[in-house]
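Two complexes come next, and they have one chain in common, chain A, joined by chain B in the first and chain C in the second.
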Partner chain A sequence: MTIVEQLDLVGEGVDRVDGPLKVTGAAHYPNDFSFPDLAHAALVRSTVAAGRISRLDTSAAQASPGVLAVITHQNAPSLGRASDTVILSAPPPPLQGDRILHYGQYVAVVVAGTAEEATAAARRVEAEYEATEPLLDLHDPRAEVLTDPFELDSSRGDAGAALASAEVTFEATYTTVDNTNNPLGLFTTVAAWDGEALTVHDSTQWPDALRTALAQVFGVPESGVRVLVPFVGGGFGAGLRVWPHVMLAALAARTVGRPVKLVLTRPEMFTGVGHRTATEQRIKIGATRDGRLVAIDHESTTTLQMEGDNFEPCASGTAYAYACPNVSTRDRQVRLNVTWCNSMRAPGEAQGNFALESAMDELSYELGIDPLELRLRNYAESQPQLGLPWSSKALRECYEVGAERFGWSRRLPEPRSMRDGDWLIGYGLAGVSFFWFQKPCEATATLRRDGTALVRSAVTDIGTGTYTVMAQLSAELLGLDLPRVTFELGDTDLPPGVVAGGSGLTAGLGSAIHAACRNLVQAFLDTVRDDPTSPLAGCAVDEVSIGRGRLHRTGSPERGEAYTDILVAHGLTELSAHGASTPADSREVGLAPAGPFGAKFVEVRVDPDLGLLRVARVVSVIDAGRILNEKTATSQIIGGTVGGIGMAMFEETVTDPGSGRIANATFGDYLIPVNADIPDIQVSFVGRPDRFNPVGVKGVGEIGLVGMGAAIANAVHHATGRRIRSLPITIDKLF
Partner chain B sequence: MRVAVTLTVNGVDHRLDLDSRVTLLDALRDGLGLTGTKKGCDQGACGACTVMADGKRVLSCLTLAAQCEGRAITTVEGLAADGVLHPVQEAFVRHDAFQCGYCTSGQIMSAVCLLAEGRAGSDAEIREFMSGNLCRCGAYPNIVKAIREVRDRMGAGDRDA
Partner chain C sequence: MREFEYVRAGEVGQAVATVTADPDASYLAGGTTQIDLMKDGVLEPDRLVDITRLPLAGVARDGDVLRVGALTTMEELAADPTVTVRLPFLREALLLGASVQLRNMATIGGNLLQRTRCRYFRDPTVPACNKRHRGSGCAAVRGVARMHAILGASEHCIAVHASDMAVPLVALHAVVHLRGTGGERSVPLTEFYRVPGDTPDVENVLTHGELITAVDIPLLPPDAHSTYLKIRDRVSYEFALTSAAVALRFDGGVIGEAHVALGGVGTIPWHAPEAERALRGLPPSLEVFTAAAEAAVRDPFTVEGTAFKVELVKRTLVRALRTAAGGAS
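After this line comes the complex of A and B, so read on.
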């Protein structure tokens, strides 16, 4: 099967197909769904971080107006435990005992006729605790330390010996703080039971995993659980796990025998749906005087909640970032009485890249070599761990194009050497080699007699543009005009979809759609195989071309038939086909699977008299393989860049060191970038289609964020001569 | 305590009997089913709930419904006339000025008011006066482009509009 048009690296910048719904307020997010007899739930959270509940008095809450039920560990039924997913462990079901492991843990859920009644009654639940001293400090000697928790620790050569004999060595410790995902959409669950059947509207990034978990928690058949999520108000990783509040909403609905809506408050969003963990990272680098890396040793320590896991590999990416013969990477996690640690846009990469790319910048000053030149001298032409060629890599082009667009050559090497009036100017850069991630996915494609196509999979569009790019891809693969194709998602009645995470949705889902569309073309050819009147009779799938809703023999455009004519001739209303994708095997194809690559160039301006730090402009050049839609992909990179500026300069979730309470759990206190903080952001895409999946794509959802921390820190150093090794770079650290 | 209130929303009067604690935001969403206005923090810090009251932008999460008797409320559902998008809505689509779309209603309501107030004179002014509307997806640069384009199409007289 061939496609008529020649494929460009960067696909047309088509407006979002769901754009008109979103700008008119007609897109329905989980908390927009309602039922005629809907009841509302409100949560009561632990005010201590460790210990047990010693007394719980719910009588006042029970007696409050409109209250239907108050559920605590004293009256909650036994709930099952969901199995861990392929990426993250499942949080345990709530209200199953009196033990408290973190601040904000749920101790009761109150259900009432209205949200106001539930909220008011929840305040009347009296809880007392037998508190124990919480473990909250990464360095607490009493805390359990997990070594190599991801089984990604790596060692090649002898980093220790190479460091000892290196001509130049550099060593430093870098730290980052807790950040909270804070999608604008308050996470919501609306749960409705009908006997053993459960329908749930939820802010999830992975409907199938939610369905499985709820079936296990409530001991009901999975086939009776339906999860619906046509739109999500952002996720950034917060929707990857099935959180206790989701189970509580379903439990509340079952208890009161009515549908229940539970909307988290903004403060609850800080304790209930995960956060990016603080890190402490030690990096040692050895190099020759002329700037060849001889050794890197990278050890990362992150925090971890008391139960379950968190995938946060910060050091492991260093193993394939540069060509270097001796590399050792180690990740460790320390169990503390903190709220759940979880993925937040670019888990591990965001923090690990800050340490590595800051250290490379520091080394460049030690050596007196331009930071860009140092990176190019140590460019990893092949994947250093596997010794295989990358499935695609255009990082060199990212650097070259970025340097040109940014004007890197105008940079004066000395810190504090560039000025514009009162402003000190600093140029900084960072390189990014993002991890590869792809999981199995399924989809179906259907062509109907009216010439329209419906393509479906139970994935989510968390704002990335899945609705749009998958309709574009399907239109291309079936040879139809875009308006004739609809991509449907967000419903577990559809074929099992892949998680919207790890920058892996587009490759996994795109490959499944590729297979489904090919199978659909095959189904049309099967239909006409023995039809002597069809010009396509006996044609194999590789002998046809498609376009304009029609199949024809390659090279003979006149010998073909429209899809709709085939359906009519054979008395069919529609034809459907299923497609499934699994990631290729790197040994089999002889390629190292590549994630996206990028180069980030940043100009900061610092007014030392007024204590001001501003990002003045950003140039971001990305190799993400084939880009399906330039408009939405550019938005992903811009959005990631904004998130990266937040991590670099604003965001810090503050935990009270005595109580474990989160002290700044509002948008008034936890600072994220606002419009006035964000400068001009230039985005370009370079490279070639990736060779590890049939669509040629890599992910764009996270790489926009990665590298911003280091690029800003490096620019701040260039502007001021001050090296800041801890994020966020707030002015109190700078002046 | 219950209160009776008549809300005039997008030109239509609605007689409601409400719990006195109900905010304008919850009255719009839960009472009238106008879910286009969003709740992002319920604390007046994110701007997702921005609506117009007598032509001025207000945070509907910090406004009690009972205080809105006699005020003309306009929500995002009231911008498009006869299925034709408002120029700001159209520009938001064309410039991809949103991703998840959750903050978009509030951004658009603020943008419409900002243009009417003549506070969109420069990019810096747009950025400053749109800074009460948080966007976690990071669509800010495209939001600025969309507003700038509508301003330019409205012509130079917008400052006095």
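After this line comes the complex of A and C, so read on.
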């Protein structure tokens, strides 16, 4: 099958197909859904981080106006535990005992006729605790340490020996702090039971996992559980897990026999839907005098809540970032009485890249080699762990195009050598080799007699543009005009969809849609195979071309037939096909699957007397394979860059050292960048379609963030001569 | 729901009488802080007396004094032409505070009375807060304290008074007009606020029910040079880590008149008369400015998280003085 006439559909900056719905308020987010007889729930959270509940008095809450139920561990039914998922398994069900493992853990849920009544009554629940000393410090010797928790630790060559004999060695420790995802949309669950059947509207990034988990938690058939999420107000990873509050909303609805809505408050968003963990990373690098890496040793320690998992590999990416013969990477996690650790845009990579790319910059100064040149001298032409060619890699172009657009050659090598009045000017860069991630996905494609197509999969669009790019891709694959194609998502009644995470949705879903559309074309060819009147009779799928709603024999445009004519001729109202994708096997195809690559160039201004730091401009050049929609892809990179500036300069979830309480759980106190902090951000895409999936795409959802920490820290060093090895880079570290 | 009574006051005397007579009543003006604190359960008034319809808004000039009605909004005051010309550092302080949405609601009287941003004060689940419950202790002293005070602070309380606007106002010796059931009185702003001591719950000299009706702001001389420098992590919408309000008037080659106050570092808006004395009569120089900064920051009380502010606020003041003096040339 070749596609000849519609190629212009993909790649172009097509406006979001759901844009009008969003700007007119017609897009329904989870908290826009309601039911007749809807009741509302509010949560009561633990005010200590460790210990047990010693007394719980709900009488005042019970007597509060409008209250329908107060559910605590004393009266909650036994709930099942969701089975582990490939990553980010659901936390254990809440209210199953009196143990407290973190601040903000739910100790009660109050259900009332209105949200205000529920909130007021929740404040009347009296809880007392037998508090124990919480473990909160990464270095606490009493804390359990998990080694190689992701089974991604790697070793090639002999890093220790190579470091001992290297001409130049460099060693440093880098730290990052807890960050909170903070999607703008407050996470909401609306749950409604009908007998054993449960319908849930929820702010999830993974509807199928939520369906499975809820069925297991409540011991009901999975087939009766339906999760709906046509729109979600952002996620940044916060919607990857099935959180306890979702289970509580469903439990509340079951208890009172009415549909229940639960909207988290902003402070609850800081304790209930995960966070990016603090890290401490030690890097040792050995090199030759002329800047060839001979060894890298990267050890990362991150925090972990008291039970359950978290996927935060910070060191493992170092194993394939550079051509280096001796590399050892190790990840460790330390269990503490902290709120749930979870993926936040570019888990592991965000922190790991900060350490590695800062260390490379430091090495460049030790060697007296331009930081860009040092990276090019150690460019990994093939995947160093597998020894296979990359499925695609245009990182060199990222560097070259970025340096040109940024004007890297104007950089004076000496720190503190560029100035504008009170402001010191610094240039910094970071390279990014993002991980590859793809999981199986399914989709269906249906073409009806009016010439419109409906393509469906139970995925989510967390604001990335999935609705738009998948409609574009489907239109191209079916040879239809874009307005004739609708992509439907966010409903577990649709074919099982892949998680919107790991920058893997576009490849997984795109490949499934590719298969579904190909199968649909095949279904049309099957329909006419034995039809002597059809010019396509007996034609194989690889012998046809498509365009303008029509199939024809490749090379003979006149020998073809419109989809609609085929349906009419054969008395059909529609034809449908299913498609599934499974990631290819790298050994089979002889390619190392590549994630996206990128180069970040940053100019900062620093007022060294007052510690003021401003980002003046950012140039991002990204290789993400084939770009389905340059407009939405650019938005992804800009958004990621803003998130990266937040991580580098502002964001810190502050835990009170004595109590484990989150001490800055508001948007006034937890600083995310405001518009005035964001400079001109230029984005370019380079590279060619990736060879590991039939669509040729690599994800753009996370890479925009990665590299900003190091690029800014490196630019700060260039501006001031001061090396900041801990994020965020705030005034007190700079003045 | 926690219910409370809402009353819209029609006349000043009636409003004052209503609140004075009811220990659980409070005034409601712009509400930008008060409503938040009520939602968070920090403030629980049984009765709110809405004063926004009272005739207490507006700016009037009387010679070299600007009389600002208590219900004038921050944005209105910032836009006043006299403020622009004769009180430029007040305008800067106003416009560097909050966001335009908040400034359109927040009033001058309310701004002077705004409550601290201390997160230990603002979370009623934290048991130790002397400002909420006298004698209960101070969780912030042993907690995470970055946005906290180093001047006028003690182990009893390190909560900062976060107003930007009040910083130039104390530097200018503005006067607050109050109305109580017993009549009216006027208090210089420099004597209005109370350093917490061991009663951090007492923040100012107001008796319950007393209402701020206006603020008199002396204008700067036309040849004065002023600036408000606010240092914070992000460019906009954040409270000050440190700030300095400075106004200088030169007399021949020397500083004839100096107004200096500091923000982001004091439990009250921090007037620095010692710095003013260290500047007066001397020619502007880095040495003189540095000496003034040293004089302004005497005996700071620091905890781990606030120690950096001692040096940062001195540099903030030196930079503000440099800027103001630079504007003289």
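Heads up, the rule we're going with is that the second predicted complex is superposed on the first by the 726 of 735 C-alpha atoms of A that agree within 3 Å, B and C clash if a C-alpha of one lies under 4 Å from a C-alpha of the other, contacts with A are read in each partner's own complex, and residues count from 1 in each chain.
Convention: a contact is a pair of C-beta atoms (placed from the backbone, for glycine too) under 8 Å apart; a residue touches a chain by one contact, two chains touch by 3 or more.
Remember, predicted model here, so these are calculated numbers, not experimental data.
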item	value
Contacts of A:M649 with chain B and chain C, given as first, second, both or neither	second
In the superposition, chain B vs chain C on chain A residues touched	B
Which superposed partner A:Y379 touches (first chain B, second chain C, both, neither)	neither
Touched partner set for A:L610, first chain B, second chain C, both or neither	second
Partner chain in contact with A:N664 - chain B first, chain C second, else both or neither	second
Which of chain B and chain C A:P673 touches, first, second, both or neither	both
Touched partner set for A:E116, first chain B, second chain C, both or neither	both
Which superposed partner A:V232 touches (first chain B, second chain C, both, neither)	first
Set intersection of chain A contacts, chain C complex versus chain B complex	114, 116-117, 120, 668, 673-677
Chain A residues within the chain B interface of the complex	15-16, 18-29, 31-32, 34, 114-117, 120, 182-186, 231-236, 263, 265-266, 462-465, 631-632, 634-636, 638-643, 666-668, 672-678, 680-681
Interfacial residue positions of chain A with respect to chain C in the complex	47, 65, 114, 116-117, 119-120, 123, 609-612, 614, 649-650, 654-659, 661, 663-664, 668-669, 671, 673-677, 730-732, 735
Chain B residues touching chain A - in the complex, by the definition given at the top	19, 21-22, 26, 29-30, 33-43, 45-46, 48, 75-77, 79-80, 85, 89-90, 92-94, 96, 98-105, 108, 124, 126-128, 130-144
Chain C - residues contacting chain A, complex	1-2, 41, 117, 119-120, 123, 125-126, 139, 142-144, 146-147, 231-238, 241, 308, 311-312, 315-316, 319
